[in-house]
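Each chain gets a letter, A, B, C and D, in the order it is written, and its residues are counted from 1.
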Amino acid sequence: MTDPLLKLSDLNKSFGALKATDNVSLTLMPGEIHALIGPNGAGKSTLIKQVAGGLRSDSGTVEFAGRDVTPLGTVARARAGLGRTFQISSLAMEYTVLQNTVLGALGHDGAVMRFFRPVMKDRALVDRGMAALERVGLADQAAKRTADLSHGQRRLLEVAVALTLEPKVFLMDEPMAGLGASGSKRLTGFLDDLRAQAPILLVEHDMDAVFALADRISVLVYGQVIATGTADEIKRDAAVREAYLGAEDAA
Amino acid sequence: MKLKSLIAAASIAALSAGMAYAEAHGGKVKVGMITTLSGGGAGLGLDVRDGFVLAAKGNENLELVIEDDQRKPDIAVQLADKLIQSEKVDVMTGIIWSNLAMAVVPAVTAQGKFYLSPNAGPSALAGKGCSPFYFNVAWQNDAFYEASGSWASENGIEKVFLMAPNYPAGTDGMTGFKRTFTGEVVDEVYTKLGQTDYAAEIAQIRASDADTVYFFLPGGMGISFMKQYAGSGVDKKVMGPAFSFDQGILGAIGDAALGVKNTSHWSKDIDNEANKKFVADFQAEYGRLPSLYAAQGYDTALLLQSAMGKADVKDAAAFQAALEEADFASVRGAFAFAPNHHPIQDIYMREVVKEGDIVTNKIIGVAASNHQDVYGADCKM
Amino acid sequence: MTRETFLNVILFAILPVTALAAFALDEPFIITLATKAAILALAGVGLNIALGLGGLVSFGHAAFFGLGGYAMGILASHAQSYTPLMETPFLIEGTKSMLVIWGVAIIAAALAALAIGALSLRTTGVYFIMITLAFGQMLYYFAISWPAYGGEDGLSIYIRNDFPGLNTLDPIQFFAIAFGVLAIVLFGAGRLAKAPFGLALSAARQNAERVETVGLTPFRIRLVAFVISGAVTGLAGALFADLNRFVSPTMFSWHTSGEIMIFVILGGVGRLFGPVAGAALFILLEHTLGGISEFWQVYLGLLLLGVVLFARGGLIGTIAGREVAHD
Amino acid sequence: MSLILLIEQVLNGLQFGVMLFLMAAGLTLIFGVMGLINLAHGSLYMVGAFAAAAVAGWTGSFALALVAALAAAAAAGALVELLVIRRLYDRDHLDQVLATFALILIFSEGTRWLFGSFPLFLDVPAALAGPVMLPGGILYPLYRLVIIGVGLLVALGLFWLIAKTRIGVQIRAGEADREMIAALGVDISKLYTLVFALGAALAGLAGALVGAIQSVQVGMGEPVLILAFVVIVIGGIGSIKGALVGSLLVGLTDTLGGVLLPPLLGIFMQASSATSVGSAVASMAIYILMVGVLLFKPSGLFGGT
């Protein structure tokens, strides 16, 4: 058996009396999509932040590609190869779509202390930015101002920026949100292929997408992982049905 | 190249540029006045201006251009450039503050223009930095302090507490006082420039065994200190230079200033014809009592006009000689220039009294007669 | 050519055209005013790198402006009096060479910006505004109470410093120097804004989290921007001191910081030529209103108020359209 | 230095702090509720002092003068809010800085237009003049004790206002979330005018009270304004408690720094240079304090995140 690329061990995080992350352990294997689901307020976003480095854990460790990255911050983890997308689009809104992906390519190179040659005339960077846009289907929007994009297009741009980073692991926080049925379907197909490039830890509300994509699913309730397994195992799991799917069935 | 020759080179360049305009003026003199007319220190500038205008009233040969420096040195320097380059003035005057004078005067005199100082007499301009074109019609900065020091020594004051803002005019003033004072200085305190609350210093004064407080706090700082001192119940005697007890300021301090001794070269009760006329005319013209700044502005205009009567301003040497004579009836009485172009004059001791409802100053004696500054020795003209 | 580019060309031409016209009409003071506008615009261009591109609202740029001024004042005064600046451990002499003085001013301001920036950039928002103000005030009070170089009286230099091949005392030649520096810096700032560094800096202003996520450190980028910004403003300070042949602690006062900021806002934050427009307009107003009334600052205040309330995006924003160009 | 003198100086520091609090409270309130950087707050302080001096001059009554100061500053504040400030809430801080800087120019020179260029007379009322003997043999000016008292009353009043009244609830809600309180049906623009006028009135009161022992002159508000900003930044912007603590810290640092530093340095160096270096460092002391606080607490002592 191969080693996991990403390994969370006994992560904890409390905000005052609220235990947002409660002894969470999970792994992400090469080539897999591991989906993280759970009702609102279950602590999914908190966990993603702990993995990405934006939030310091109270205890527990994050290992990435065999290396303990727990003490590192967002920047160092990004440089190590964690590519993250945000639940609420986090883009440079004044910039064009292409400028956002070029920023990603620039971040991947790290050679930011260059003061003279126009970045948008740097062929290598622009080509990589363009390529990422083409992969998510935003190439025709490249010159548009990001603030003028539709909500769904911004979600795609989030993914495109993450692609420019050529990460070893993707952390995606609800990439389908607001995409609409056809958009979701397209992105689902895209992510399906993407796992070959790098495994994905996917937080998602769209159950069709999750069940279609995920190799494994972990269910998070009140900060705890109550079950991990394949789609079928999760669908059959009594605890999950009661805590989570039960509510949806009733609805 | 030496500094002096550099300056000379600069003045030759400027002079030759100025030659072309000499004809245009004839016997007239164009005066550029840069003074503070807006912002917090505007009261002093207004008085200098009003005094000058009053004395120059009706003189058609004197053309006056007035500019507001906002009490900013860089603005003052640029205005001086403007007056010299664009307005082609012959004589400049008006600056209130030492730091502005230091910024402007050397450049003005280097370009061969006369500068008559109606206030501000920094020591550098009286000593090493003196110039044939620079005349101080007010005082060298140390004058009032030195006079205070000698008066205090002669009038039984033994232990003083010195206080001034922590900037050159403040430390220089206290140095001037110590130069002539023979008693003991029990403590010296230098406060923050612009400080408004003096509770801490007053407590130090109370705790000290000084019999007299000698302070220099110009403008609002002095007003604040005197009001707070009066309310503190400390009953040590208070002395200072006239700047903190001038007419414009006494109105804001009120009774709290009564009894304070201060040194000045002018007071509205100096008994001579010129002064009586000045005080009466000023009140008639502007409806307020004149201040010492007004008196200085007035004397500056008198001096200038006395020289205009004797020489053409285009003949710099002759005009300089005419100014040196100081042949005018000063509101201060006897007035002459020392070789460094700074005044030789009596410095009086005044006391703040109440005349009717008005708090004002009264002369109680001469603190230093024919006072002359100590920097003249360094002046090589 | 976009509207803003067209406007920039006009703005760029305004100062030299004014100066040359004044030269032809023999109005040297107008040349001096144009020079002052060019120098203050330079200070504004410096601030705009931090403020416009980086979103770093520094209320303490007077610190760098003043350091540049004092670099000039101290070096030139030692050269005038033939006293060395320092004898041990090694000899440092004063100088009247403008180029050397600029170098010293830039380095001094950059070092100060490095120290101030490293401490201040730990804070954000209003706290950043106020902590930079605090550093400016510290230097202001230090300059006032430090007697060696004139304290509040300041330092007079009498003669402008030397520039190879030019007579710096001639207003039009000094204008040429100041404008030349402004032109070079404007070109550099324009390139900087479009370079990889500018992309990252501006992105950090728009969304710091995004910049971190692509693996870049906003703190480092901002600090470098702050240092460049301070260095440019320091250079402007040295030129300003040379213009007046005088330095004083006023250059360190919070009013100076405020004025530099006003040039930037008046012209249009983040616009390359904003500070040029702002400084030129401010000086024009100051110069013309002064003749109208003793209380001209009331009118100045009303005009500024009008610009903020009704001309959003500053002058350039109003004329050329709201959006900052991006290509 | 004797212990008595030290205690007296501590008292002076507290008193100076309370004076600053009167000014800083309004500033921090306005900032906290509306997110507005108001550089013109010092002008409202000046308006209060001038109104008090004018009314005291006409009527001879200090009480009427205080009322006039409150009324004039509140009216000026409300007017400014209605005409200018309310257009600035959704702007960034830069526009606010420029607009309120313009207001300073208008207020300062406008006041000089109305009242002339010379400082005005405003004195402590006879009943409060002179010193009183405190336990321990400290002779202390009565009026300064009154200022301490008024300042503490204002602090209590503000705590009460914010914690217990309907307006306070609205203010706290407004600090948290503007849309939310608008959704609750509170007339937000009226609330803002009210808060601004209240802040202005506090500044005016400070101006009148302090004007009686300082110089009532154009530009008097600016040094205090900078100090007040230092105070609220140290305390944490928007926090009344922070403003109180910050005021006292700044008051004590400034007073004791000026008193203690020169003799302290005298231990290490010559007396004359100790005096000048000590004075220089003392005038920088509060800014050093502020930088120190912000390095450890980047949002001030009681500021949110």
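Basically, contacts are C-beta pairs under 8 Å (C-beta built on N, C-alpha and C of every residue); 3 or more make two chains touch, one makes a residue touch a chain.
As the structure is a computational prediction, the values presented were derived from the model and not from experiment.
K.L.:
What are the chains that subunit B and subunit C both touch?
P.N.:
D
K.L.:
Which chain's C-alpha centroid is most distant from that of subunit B?
P.N.:
When every chain centre is compared against subunit B, the largest gap points to A.
K.L.:
Suppose each chain is reduced to the average of its Cα coordinates; what separation in Å results between subunit C and subunit D?
P.N.:
Computed from C-alpha means, the inter-chain centre distance equals 31 Å.
K.L.:
Suppose each chain is reduced to the average of its Cα coordinates; what separation in Å results between subunit B and subunit D?
P.N.:
The computed centroid separation for subunit B versus subunit D comes out at 35 Å.
K.L.:
Roughly how many whole angstrom separate the Cα centroids of subunit A and subunit D?
P.N.:
Chain centroid spacing, subunit A to subunit D, equals 49 Å.
K.L.:
So what's the Cα centroid distance for subunit A and subunit B, whole Å?
P.N.:
75
K.L.:
Hey, what residues on subunit C touch two or more of the other chains?
P.N.:
If we look for residues of subunit C contacting two or more partner chains, we find 141, 144-145, 147, 295-297.
K.L.:
Give me the residues of subunit B that touch two or more other chains.
P.N.:
38, 166, 171, 190, 192-193
K.L.:
Among the residues of subunit A, which ones contact at least 2 other chains?
P.N.:
none
K.L.:
Which two-chain combinations touch?
P.N.:
Listed by label, chains in contact pair as A-C, B-C, B-D, C-D.
K.L.:
Taking the complex as given, what residues does subunit C use to touch subunit A?
P.N.:
188, 191-192, 194-200, 202-203, 206-207, 209-217, 221, 224, 323-324, 326-327
K.L.:
Subunit D touches which residues of subunit B in the complex?
P.N.:
38-40, 42-43, 46, 166, 171, 188-194, 196-197, 199-201, 203-204, 206-207, 219-221, 223-224, 227-228, 231-233, 248-249, 251-256
K.L.:
Quick check on the complex: what are the subunit C residues that touch subunit B?
P.N.:
27-30, 32-33, 36, 80-81, 141, 144-145, 147, 150-154, 156, 158-159, 169, 171, 240, 244-246, 248, 250-251, 290, 294-297
K.L.:
Mind pulling up the subunit A residues that touch subunit C in the complex?
P.N.:
Touching subunit C from subunit A are residues 52, 54, 73-75, 78-79, 84, 86, 90-96, 99-100, 102-104, 106-108, 110-120, 122, 125, 145, 161, 164-165.
K.L.:
Under the stated contact criterion, what part of subunit D meets subunit B in this complex?
P.N.:
1-2, 5, 8-9, 12-13, 15-16, 19, 108-109, 112, 116-121, 123-124, 129-131, 139, 141-144, 210, 212-220, 223-224, 255-256, 258-259, 262, 275-276, 279-280, 282-283
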